[in-house]
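These are the structures, in structure tokens.
The same subunit A turns up in both complexes below, where it pairs with subunit B and then with subunit C.
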Partner chain A sequence: MIIPNYKHKMAAHCESGTITALLNHGGLNITEPMVFGIASGIFFGYFHKMKSFAFPTFIVRNKPGQMRTNIEKRLGVRFKTYDFKDPVKGQQMLDQLLLQNIPTAAQVDFFYMDYVPSWERVHINVHFLVVAGKDANKYVISDAYFPGMVELDSTSLEKGRFAGGNMSPKGFIYNLDKIPAEIDYHKAIVKGIKKACFYMLKIPIPFLGIKGMHMFARKVVEWPKFARDNEHLSHEIMKINILLEDQGTGGAGFRFIYATFLQQAAGMIGKPELKQLSEELMKIGDGWREISLFSARIGKNRDLGPEKLKQLSDMIHDRADVEEQFFMSLSQAVK
Partner chain B sequence: MSKPIEELKHEIKILIMSTLAINDIDPKDVDDDKPLFGGDNALTLDSVDAIEIIMAIQRTYGIRIADQNIARNVITSITSIATFIESQQANSAS
Partner chain C sequence: MKEKEGFVDYPEQQMIIYVEKEDGKYGPMQTGSYLSANYMDDYVYKRRNLELELRAQLTGGLISPVKYYMVFEDLSFSELAARAGISKSKVKKHLDPKHFGDATVDDLLKYAAVFNIPAANLLQIVLVNSHGNLESNIILENKGDKISIEQTPSGNPYAVLTKIEEKR
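After this line comes the complex of A and B, so read on.
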């Protein structure tokens, strides 16, 4: 049984795609880039030494779950959320919601999603999908990364929902509860942009936003000190490409999806300068894509000498500089 | 006016081979419909090659394949790349 009228759609990113799917099903006509932009999804953080990460890493989006809470605050929509200690209760609640024809988003460890080819499966505890129905022992899954809906047996879904480790899902599910009669998109868009600009330009933490990008650029030359050997280092350097391009970022570390948001926002709030900034951000994204390619290439060729890492560092500093200018202009546009 | 599809396919093969510095394969030996990744085509590519090809297509044809989910489907074979380029060019012309 698939929930009547539920429409599956591919999306660039699992969290914004899931939120968009629930809102669309609830009758709100909103695009994924608009959800991403209003939720201030664009971000940058560099983590050089942290307990949770075995190796230095970076993020290009805000904290998992924050898009949902930001969307609630800015659009006035409401989601009902649930988490569980007991997997049996977790499954009962999910089944109950499905029986009421309520599409339900779930947080899972991506590794247990059996419909994903084995070579693509990695442990990520913050993958989001929509459970859109159930047939006997199999759930109907609407995963934004897949072209169509897929089936998943209840044991695998339970393993995914109750996986342990860092940011464990704890059976977390949520569903749409309310869409307000009136939505002030102008206010929501401006607020979303202002907050994104604050995080990129003004947050007083040295490893976040533009400051974080410069830190990444400075520190990447030290990565060989943290690696076991050249193989390990090449793996970590190639991960830069994966983090920017291949983890549902919509390309270039979410820069393309945010550019699409600005293009749509320009028309909605009558600010043509956002369209121009959108074009600028597309070009900035191309520069991030050059970094992806460079990292993938030097990692693949095991060509990781100090001069190559310095070149990579310079490319990242350059992105930080152009993004600083970009976010300053964006900030001015919505002042 | 757009190029005939066969000409476009040949051009794509040349573009891929020059981008990846592949000199030991005759473009005629590259099957238009067989998978370019992990299959038994004369050209067998990996994920790093994929991003090089995406960027080469972007530069040559002025179209952006931003999203990796879409890119994965587009660069499956020579035919799928050609079809995508044609559709994008038709969209921008209309």
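After this line comes the complex of A and C, so read on.
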């Protein structure tokens, strides 16, 4: 049984895609880039030493879950949320919602989603998907990363929903509760942009925002000392490409989707300067894509000596510099 | 990025990227993964080497089965401890082959749940002859081969059914 009228659609990112799917199903005509932009999804953070990560890493979007809460605050929509200690109760509630034909978003560990090819599966507790039906012991899953809906065994979904560790899902599910009659998009867009600019320019934490990008650039030359051997270093350097392109970013570490948001926002709120900035960000994104391709190439060639890492570091510093200018201009545009 | 520059022919891993369309508007485009399309062979090569190296350490008594899977799955030991619900000090001990024997069956079931393997695989590595090489089944699932190995849980949490069949 698939929930009637539920339409599966691929999306760039799992969280913005899931929120967009629920809002679209509820009758609100909104695009994924608009959800991403209003939710201040664009971000940067570098984590050099964190116990939960086996190797230094970085993120290019805001904290998981924050897109939903920001969208609620800024659009006035409401989601009902549930989390559970007991997997049995967690499954019962999900089944009850599905029986009422309510598409329900779930947070899961991506590793247990066995419809995903094994080479793509990693332990990441913050993957979001929509459960859109159930047939006997199989759930019908609408995963934004797949062209069509897929089936998932109830045991695998339970493992994913109740995985432990950093940011464990605790069975978290949510569904759309209310869409207001009127939405002030102007206010929501401006607020979303202002907050994104704050996080990129002013957040007083050295590993976040533009400062985080510079830290990434400084520290990437130290990565060899964390690697087991050259192949491990190659794997980690090539993961830069995965984090910027393949892990649901819409390309160039979310820069292309945010440029799309700015272009759409320019028309919606009558601010042509946002269109100009969207073009600028598209070009900045092309620079991030060069970093992705460069990382893949030097990783594959095992060309990972100090000179190449310095070159990579310089490319990242350069992105940080141009993004600092960009976000200052963006901040001025919505002042 | 222009739409024509974004297309990658790789149906096995599709994704959405945002590109500039011909009319100048930015919008979504479904395409394949550039990295997977161009570098999958290198990824599989590295995974196979990593497994061989870990297997050599495991069979040489240098690491425990818990460490074998932890490194292969890219988990830090703190994350493994949190996921398994076992204290860090205990996990640290279980990574060392000298103390792996102190792990209880309950501990092994918890580790196995994290690695998504039967607990039995913490005491054995299933090898299959593939093109003249003995390869671990954790690698073999990455490729189409003549043999399929399916391990399904039974009604008893302490027993797994391992079926080795020729693929048709």
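The rule we apply is simple: the second predicted complex is superposed on the first by the 335 of 335 C-alpha atoms of A that agree within 3 Å, B and C clash if a C-alpha of one lies under 4 Å from a C-alpha of the other, contacts with A are read in each partner's own complex, and residues count from 1 in each chain.
The criterion applied here is as follows: a residue touches a chain if its C-beta (ideal position, glycine included) is under 8 Å from a C-beta of that chain, and two chains touch if they have at least 3 such contacts.
These numbers come from a predicted model, not from an experiment.
Contacts of A:Y145 after superposition: both subunit B and subunit C are touched.
Judged by the touch definition given at the top, the superposed model places A:D135 against neither subunit B nor subunit C. Within the superposed three-chain model, A:M10 lies in touch with subunit B and with subunit C [touch as defined at top]. In the superposition on chain A, A:A296 makes contact with both subunit B and subunit C.
In the superposed pair of complexes, A:M282 makes contact with subunit B and with subunit C alike.
Of the two partners, subunit B and subunit C, it is C that touches more residues of subunit A.
In the superposition on chain A, A:A54 contacts subunit C only, with no contact to subunit B. After overlaying the two complexes on the shared chain, residue contacts for A:G250 are found with subunit B and with subunit C alike.
On subunit A, the surface touched by subunit B in one complex and the surface touched by subunit C in the other have residues 10-12, 145, 147, 238, 241, 245-246, 248, 250-252, 256-257, 282, 285-286, 289, 292-293, 296, 299-300 in common. Within the complex, the subunit C residues that touch subunit A are 1, 6, 12-20, 25-28, 30, 33-36, 38-40, 42-44, 46-47, 49-50, 73-76, 78-79, 82-85, 113-114, 116, 141-142.
Residues 10-12, 32-33, 51-55, 111-112, 117-120, 122-123, 144-147, 159, 163-166, 168, 231-232, 234-235, 238, 241-242, 245-246, 248, 250-252, 256-257, 259-260, 263, 278, 282, 285-286, 289, 292-293, 296, 299-300 of subunit A are the ones touching subunit C in the complex.
Of all the residues in subunit B, the ones that touch subunit A in their complex are 46-48, 51-52, 54-55, 58, 64-69, 71, 73. The touching residues of subunit A, counted against subunit B in their complex, run 10-12, 145, 147, 238, 241, 245-246, 248-252, 256-257, 282, 285-286, 289-290, 292-293, 296-297, 299-300.
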